[in-house]
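Have a look at these structures, which come just after this line.
Next come two complexes built around subunit A: one with subunit B, the other with subunit C.
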Partner chain A sequence: MPLLTQHIQDENDQYSLVASLDNVRNLSTILKAIHFREHATCFATKNGIKVTVENAKCVQANAFIQAGIFQEFTVQEESVTFRINLTVLLDCLSIFGSNPMPGTLTALRMCYQGYGYPLMLFLEEGGVVTVCKINTQEPEETLDFDFCSTNVINKIILQSEGLREAFSELDMTSEVLQITMSPNKPYFRLSTFGNAGSSHLDYPKDSDLMEAFHCNQTQVNRYKISLLKPSTKALVLSCKVSIRTDNRGFLSLQYMIRNEDGQICFVEYYCCPDEEVPESES
Partner chain B sequence: MKCLVTGGNVKVLGKAVHALSRIGDELYLEPLEDGLSLRTVNSSRSAYACFVLAPLFFQQYQAITPGQDLLRCKILMKSFLSVFRSLAMLEKTVEKCCISLNGRSSCLVVQLHCKYGVRKTHNLSFQDCESLQAVFDPASCPHMLRAPARVLGEAVLPFPPALAEVTLGIGRGRRVILRSYQEEEEADSTVKAMMTEMSIGEEDFQQLQAQEGVAVTFCLKEFRGLLSFAESANLNLSIHFDAPGRPAIFTIKDSLLDGHFVLATLSETDPHSKDLGSQELHQPVPQLQDYSTSHLDDFANDDIDSYMIAMETTVGSEGSRVLPSVSLSPVRQLSHSPDPHSEEDEAEPSTVPGTPPPKKFRSLFFGSILAPVHSPQGPSPVLAEDSEGEG
Partner chain C sequence: MKFRAKIVDAACLNHFTRVSNMIAKLAKTCTLRISPDKLNFILSDKLANGGVSMWCELEQENFFSEFQMEGVSAENNEIYLELTSENLSRALKTAQNARALKIKLTNKHFPCLTVSVELLSVSSSSRIVTHDIPIKVIPRKLWKDLQEPVVPHPDVSIYLPVLKTMKSVVEKMRNISNHLVIEANLNGDLNLKIETELVCVTTHFKDLGNPPLASENASQDRNPEQMAEVHLDIRKLLQFLVGQQVNPTKALCNIVSNKMVHFDLLHEDVSLQYFIPALS
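Here is the complex of A and B:
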């Protein structure tokens, strides 16, 4: 690896976080999947980095980039937390262009000295090194959705292909997306109620798209479509999606994303339900 | 009404909806005995389009649900188009499409049966409406040409996407000429300095029945919509046209469907638009003036209803080939000045105030099958002039 050929162990010691990556796209792709707000909070532990983006206190997206994705990953403290402008971070990560020439990779070395210091990015492509310093911000407390797998009522795993088109064609004149999950017909239904009328999209439980179907009771919940629409970014990158609802109607969407090196990363969206469903329409 | 479309015909239906969406904001859906008709008209009523999908087009076609009245409906084009938005998706994933119209649920249900058993159901709200019917008769047009849609499609390809109108005419050596149309004031500006002209030899046409020198100018956007449909279905396109200002009629036909697009043509006869390829085209056909002086004023003074009756009863006659003039271009006024009725001509602009002077599309004339007498007097809504922006 041509990047920063000599770095001494001492140098690493002064950083609370050091991570390097041969292919920066393995990081930037995952971050794009949650890029629906300007700012993100990053948590790093020895297991990897979790990047969180929230909106309206109703939706939260988490991207997990486990330590194994990086060629080098050291965290000095128990956990390192900072807030950063995600737009700027993504711009820097793609500073050599977002669609590189085939065969050329951009390598990344990312260092963070600690509270109050900027995040340092060293990007290298074809012998050219760019150094970026991005100011970090005071970390904000993130929401705890308290989504516990023991409270999960219904769970479906779908091949993303089957949902992709549905999400890209959502009738955005509808305020809500209604999700019906049921052990009986219609099993799994996405409904919108827009200006032009209503639309329903039904997936039979024996469909080839359905990898797993564990529905225990009929649940009909509505979610603000404007909050869920950004998850399309994760959906288009993913190969599978797990859709779960708990006893409070909270929604968890987990996306399995395979990066260019064939490694698996996860992006997760949580969304709280909209107001009660009117009896007549459910 | 219930019909079922399967296989490749789903995409054909989708393409037809795309072509119609270039014209109007509302789609009139009417199940007829001889097929399902999809019609639209633009807001200025200067363009009308109609597809009739024959019962054979469908795997199952039931125009009337037993025990129910014949229904026809009007829905927002946007909402119907959204069902067929992605043609690639239609081709790849949709296996069947079922359209049903039910008076009880008062919605038009479009159900797409997709791969993997996925089923999309769209319940589109609709309005009852009268039947939309344009009054036109291709047989009354003296000029006609027919060619594979591909020939014409390739000919319009080089025109800039922003170009609003195109002039179609017959040039020297009976070559068919398509040329970008520019308004006089625009022609001076450097922005629109480019003029594109395509010339197609007579041998590329299956039929060419028009003499040298005739030309009409119509909107390109709608024309492109029909061409793209006809090209994908590999059909021949016939264009029937008459003097400038008279609607041009574009028709396609095969055993499963037929399509009619009726587009208004520019009525102005200013020398700038007419002199196609400098000397290639002659000035307007002389007979135009001959009969226009004798009949036009009579019609112009009649109200729309009697005119429409005239249209329907005297189809093919000389009189029917003349439309009443609702607006006067300076050139026309000149040509009428020796006419004794010119006073009435001059009085006319007051009934249709504010019509944009430089560009004049005649609106087409629509009657309703149910109630042909529905525009009493005064500036009739069906006479609305095209606004310049929509051209």
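Here is the complex of A and C:
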């Protein structure tokens, strides 16, 4: 084995996680989709990295970056977990600019030695190298929403453009977003109840935007609009979105995001319902 | 005291607009010094305001087709004016595609720098847009504070990397920290570093090259690997970088260890000196 490779091999052995990317934006774009809180928890296994952000014990966002996205990906232990300041991580990942000149790529090498060690980032663009040492924090227990596909009552897959405008123009004076899913009319309805009045947006089930429609039972659930609004970040990047609710009224939004190299990544939001809808209103 | 000047050449007008835009980004108010063959834009901040100073110089004959001035007296044939730099750059914004531009010192109830722009129109008649920029004439006794700064002898002198890259790096670092360390050696290496409780970030620029040393220079004995460093207010550095819209023909960074950093830039025939003092 040539001396240089030998050296890199030895170096890799001391790290519990090593990941390299030719285009750092394939990672930073996905992380921006869940950046609505300062801190995130990262879990790495041989399958890839899952980054989780939570708010108010009611909403959770997960970004999955599978091992195949990386040019090099090794995890020494069964799983590696740490908590990190996501704002700082994103600033570091985009140190050479958020909108690079076309044709220039920033390469990334990311190493983590284990519990108590900082996350090391080596970024390179056009011969300029940036080294970042981000301190990691004690991982926190993340919420388990116990969202199980066997309990899913209603499921709709939409082309994201169908939801993009609706979400960007949500009436933020309304405290809640009410989602109605039903095998009968109105099939799929988004409602807000704001200062200027109520608004309802209906999607017919035979719309071109509707890729799949599997609704078994009428469900009307309300979700805090302030908790759902951040998912717009993922929505604008995605091409398709799957909207599911389970028997408890929990909501799952899965966004399919295609990166610059045409690979598919997923970002998932879970949100618990706001309250029981009073009988008289439904 | 008299001053009137005229630009007719489109390239000169563009260049002058670029210079004034740069000045507007670098200094809120500045002093304009008019002498028979030169114009200077000067900033000399009080130490309490951060102590940044700037000295921008251009040869009048490279810009103006007509240039007449009469200073305060025969032996002091100069004029010093204070103006809000954005007013000048805003006035020049209307001068794009203009046929001619005239700048004149006037007194319309109060002293003004009057900028008149002769615009082309579809019909043969021409239109003239006039801007009166209020100014303050700086009295003779205050001139001594506005003289060309003495360039201190640097420990390390190094060519700057592509300013756009440097700017995006410093912009991101600004999000994380208020202070920055700039360090360089005589081996062509320049590093930008920030350090907080949360994160350390260092950007390494290599092979930038060092200008040939002046003879009888003390730093000749310096170990080429040894770094000279300065702690700066990151906002001051960012302001300088944001002001650089066009890549200069020559860009030099001079570091006086723990005292100051001096940027020496040449844009075609306009020279810009910018001094940022070290944080104590």
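Operating definition for what follows: the second predicted complex is superposed on the first by the 275 of 282 C-alpha atoms of A that agree within 3 Å, B and C clash if a C-alpha of one lies under 4 Å from a C-alpha of the other, contacts with A are read in each partner's own complex, and residues count from 1 in each chain.
Criterion: a residue touches a chain if its C-beta (ideal position, glycine included) is under 8 Å from a C-beta of that chain, and two chains touch if they have at least 3 such contacts.
Treat the numbers as computed from the prediction; the structure is a model and nothing was measured.
On the superposed subunit A, the two partners subunit B and subunit C both fit, without a clash. Touch criterion met: A:H200 reaches subunit B, while subunit C stays clear of it. Of the two partner chains, subunit C is the only one that A:I95 touches; subunit B does not reach it. Of the two partner chains placed by superposition, only subunit C is touched by A:N135; subunit B is not.
Superposing both complexes on chain A places the Cα centres of subunit B and subunit C at an angle of 60° as seen from the Cα centre of subunit A, in steps of 10.
When the two complexes are overlaid on their common chain A, residue A:L209 makes contact with subunit B while staying clear of subunit C. Looking at the shared chain after the overlay, A:E165 reaches subunit B, while subunit C stays out of its contact range.
Of the two partner chains placed around the shared chain by superposition, subunit C is the only one that A:E125 touches, whereas subunit B remains out of contact.
Least inter-chain distance for subunit B and subunit C in the combined superposition, rounded to the nearest angstrom, is 6, based on C-alpha atoms. Common to the subunit B-facing and subunit C-facing surfaces of subunit A is no residue whatsoever. Residues of subunit A touching subunit C in their complex: 85, 87-88, 91-92, 94-98, 125-135.
Residues 75-76, 78-79, 82, 85-86, 89, 93, 107, 116-125 of subunit B are the ones that touch subunit A when the two sit in their complex.
Across the interface of their complex, subunit A is touched by residues 161, 164-165, 168-169, 172-173, 175-176, 197-207 of subunit C. Those residues of subunit A lying in contact with subunit B across their complex are 162, 165, 169, 171, 194-204, 206-209.
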